[in-house]
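Labels A, B, C, D and E are assigned to the chains in the order they are written; within every chain, residues are numbered from 1.
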């Protein structure tokens, strides 16, 4: 039996040539729905009247799998959630599980975790910028961003052996200390990267067409953003100064200095500026990590089998896309009783309808781009 | 006997021009890929031949050998005719273009008007393709395209009036002769800007490539096309790019004539100027994001239209005063 | 030579216009009418009206007919294809048309035309048709020309008012 | 924090949680986590908090167990009250405890920007019992409730658009329940449709 | 040299075809197209006379006819679109009331 895609609220049978409304099926193979998102648009001319998202094409039951394997084994599965920024997911999982214990995680591991977390933020934001610019038609930025993203992936390869799904961290620290070469290359990257961000900005930030396409499009107020549960750069773009790295610090963030950028109008352009500034801030954080990186072991002593005490915890981190959290119920055995992933893309995507209705088709593409979704984590 | 000779010469000329244009267009695509690739820190085609020089031929072969698909619910006749309707006007226009003082197929007294008229027919192919595909993306692309090309045709038409008033003729050769001393771009900078923007929109090039905006409408009006029919659309796009550039050169940059102190044949001057134009077209594509539909219309009607009208009035006034 | 081209164009026009009138699919009809206009432009060129031929293609084919196609695409035409195509009064009209045609034929057979005059310029020459037309249009016919522009303005406003969905008062 | 806690939990006010898993809770403290929030709730809805707990007395893990009927009113109150202002519904999910009396547990994770704190609300319901929707309180609940409906089969009354979201419409069962096998029930076994070959 | 009668006969035939189309078809768009055909038939005659008399007036009138055709197309299509939006039909014999 093969499952059929969800029947939409929107009637697919409405007339093709009617003056009134045109139903368009965007995706799941559309070039700018970023994966296998399917958006059913109801158009009046070029204006969007109604919209329905069909997701789940990438649903793999990750939560169910999590309930059947042990805590360490689940780390690689988290890689496959937000595969654009895999180390960030690892970080969320290991910090969540570590919350059950009172292990003393070595500072070296904490700093490297923060550093790799920021690198993955850069990787994620670069991919976002690349595809977002391509959606709006600026195709050169796409490849420029990929050049730097490639550098970040090379760094991951140097440190952990993997490039996309790196399986970076272990419970209690790192699998093993990062090689010296990684630190050297990271320093080189940090030295180069800010000028590269300037390059992207010369192409976009003051470009008249870019401004026209992004300013006052897809506006969401701070109140609405909270109501819709939007997190990450989107809510910051609406002017809420809230970053989990500051609000609920984890890893080495309490010791690091950085600015949480916020926008004013909550339009696409503000989200763009917020993410661009985050690229710079991430570079700054990595620089600090490199300077302050303490010596010592990269992992603390952990028991051979991870058996958290009975109880339930929720822990979340600031993923590039937003608040990425795990709710874990432990029954005292080696496998979790319940694993819940709090997916930022999924919840942010829930706000798409509110953002898009009344806008033009071309804006839908820009708005989807500005939400920055990754379907692996949205569908889990 | 004379008549037969004339016809034979014309046929040979047409044969040469059409074939050269096809070949140049194929290599134009190659150049575009190379230029954009280098703008984007890539190498572009490298595998087929030295630096990928045989790539256009490989592409052509691939497109030629591809299965020719006509969608089930498409209107067969119109679907097949549409690419022809796009390509034929783009090539017919070459009949009156002056490539050099001596090399042209024909010259007629309504030359420029003929070019405008024939190239306005390209929109039919686009609309036919969009409608006949029976696909919503294609239809949306066709609707956008019809509105866009219709609107920008007006600005294109008005922007050439300025140089026309200076030259006093619609004959393309005579417009070139009128610029022996000073290129019209110096007299008519505003008209040139409007002309260039309208030219971008007319040929559906970035930043006005909305009808085929791949990130919104998949591929716009040619979403359902494949193989040789798709290639026709491609050839037509680049052929009309060359047409519109040639018109720009003739109207504003002295056509095939260059400064006297550099003794180069007229045809070489023409090719040089054409290359610059082509490069700017490609360069813009690598640089600029895409306009939105309503912004495109706003730019046209609220900015370019008043500008070009003002230009016509000023030109007329100044010509009355000084000439 | 000229006359053969004329027969070709005239035959093409009659054929395509007949096809146009009989099509059920409106898009096909509109495209056939475009073809008719091409042939018509050919006839114009043969009659020494090159400028009018170009105007015919630029405005009629490239402008008005695109407007038609655009509007047809906005409307629901698929239903109309499946409906009865001909009006009930069709037969009467057909007979009347044929009779009228015969009458015109008879009248034209009677008329003797004087020898045609020649243009002062040859086909396609500069200065020629364009210059002559411009000279007449902007001197002798300046007032009708301005009136035509007022007519266009009125039509534009009328079309906007009619096609607009709701008019804010 | 196990299912047995349901049975012997009385109104807990001030006293440490009487849990079977008490060995995890290090020691009784004078003010258990979330006490101030409890006061906020109790001031408007006395007796609404059936049970109060927290993992290792972490303020962010404060958990209230609520009754099905009070959840919408309490969450509206918590969202609007000046001392709580839980404007963000971080997460809405469920868990399945097949052995418990009320086997399905719906969880709400709230976050307050102003006070930078978290709160977890829980509602335990019986099999087949439906829940009131909180999508009127937080719009973000819309999709999350759809997901819970999809994966756990909990119906939400008055939900604007209760359809499956991740799984196909004709999936039939709810895979996040504990009785659903990890390998699935063969829904995805693909039988190649018979296709007419050329020459047939 | 094309005889004058040829132009007149061609114009007459086209005009008749157009007129028959207007009166016989039910589809309003085809009726509009037929009207365009009739206008062009008139143009043929105008241009024919212009040729015969070597006088530009015929061509000037041709231009005016095209202007009128443009106006007619714009207003006619606007009416059709308004009608189609209200009633979803394009058949003229169903439009038999002045006001709905």
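Just so we're on the same page, contacts are C-beta pairs under 8 Å (C-beta built on N, C-alpha and C of every residue); 3 or more make two chains touch, one makes a residue touch a chain.
Quantities reported herein were computed from a predicted structural model and do not represent experimental measurements.
Within the contact network of the assembly, the step distance from chain A to chain B comes to 1.
For the pairs A-D and C-E, the count of C-beta pairs in contact is higher at C-E.
In this assembly, the chain whose C-alpha centre lies farthest from chain C is D.
Here the CA centre of chain C is 6 Å from the CA centre of chain E. With centres taken as mean Cα positions, chain C sits 28 Å from chain B. Between chain B and chain D, the centres computed from C-alpha atoms are 62 Å apart. The geometric centre of chain B is 33 Å away from that of chain E, both derived from CA atoms.
Multi-chain contact residues of chain A (touching two or more other chains) are listed as 16-19. Multi-chain contact residues, meaning those touching two or more other chains, occur in chain E at positions 81, 84-85, 88. Residue positions of chain D with contacts to 2 or more other chains are absent. Residues 2-3, 6, 10, 13-14, 17-18, 20-21, 23, 26, 29-30, 33, 36-37, 40, 43-44, 46-49, 51-52, 55-56, 59-60, 63-64, 67-68, 71-72, 74-77, 79-80, 83-90, 93-94, 97, 100-101, 104-105, 108, 111, 113, 116-120, 129, 132-133, 135-137, 140-141, 144, 148, 151-152, 154-156, 158-163, 165 of chain C are the ones touching chain E in the complex. In the complex of the two chains, the chain B residues touching chain A come out as 36, 39-42, 134, 136-137, 139-140, 144, 206-207, 209-210, 213-218, 285-295.
Looking at the complex, you find that chain A touches chain B at residues 16-17, 22-25, 30-32, 46, 133-140, 142-144, 147, 203-204, 207, 209-210, 212-213, 360-363, 365. Those residues of chain B lying in contact with chain C across their complex are 75, 77-78, 108-110, 113-114, 116-118, 120-121, 123-124, 127-128, 130-131, 139, 142-143, 146-147, 149-150, 153, 157, 169-171, 174. Interface residues of chain C, counted against chain B in their complex, comprise 25, 27-28, 31, 34, 50-51, 54-55, 57-58, 61-63, 65-67, 69-70, 73-74, 124-130.
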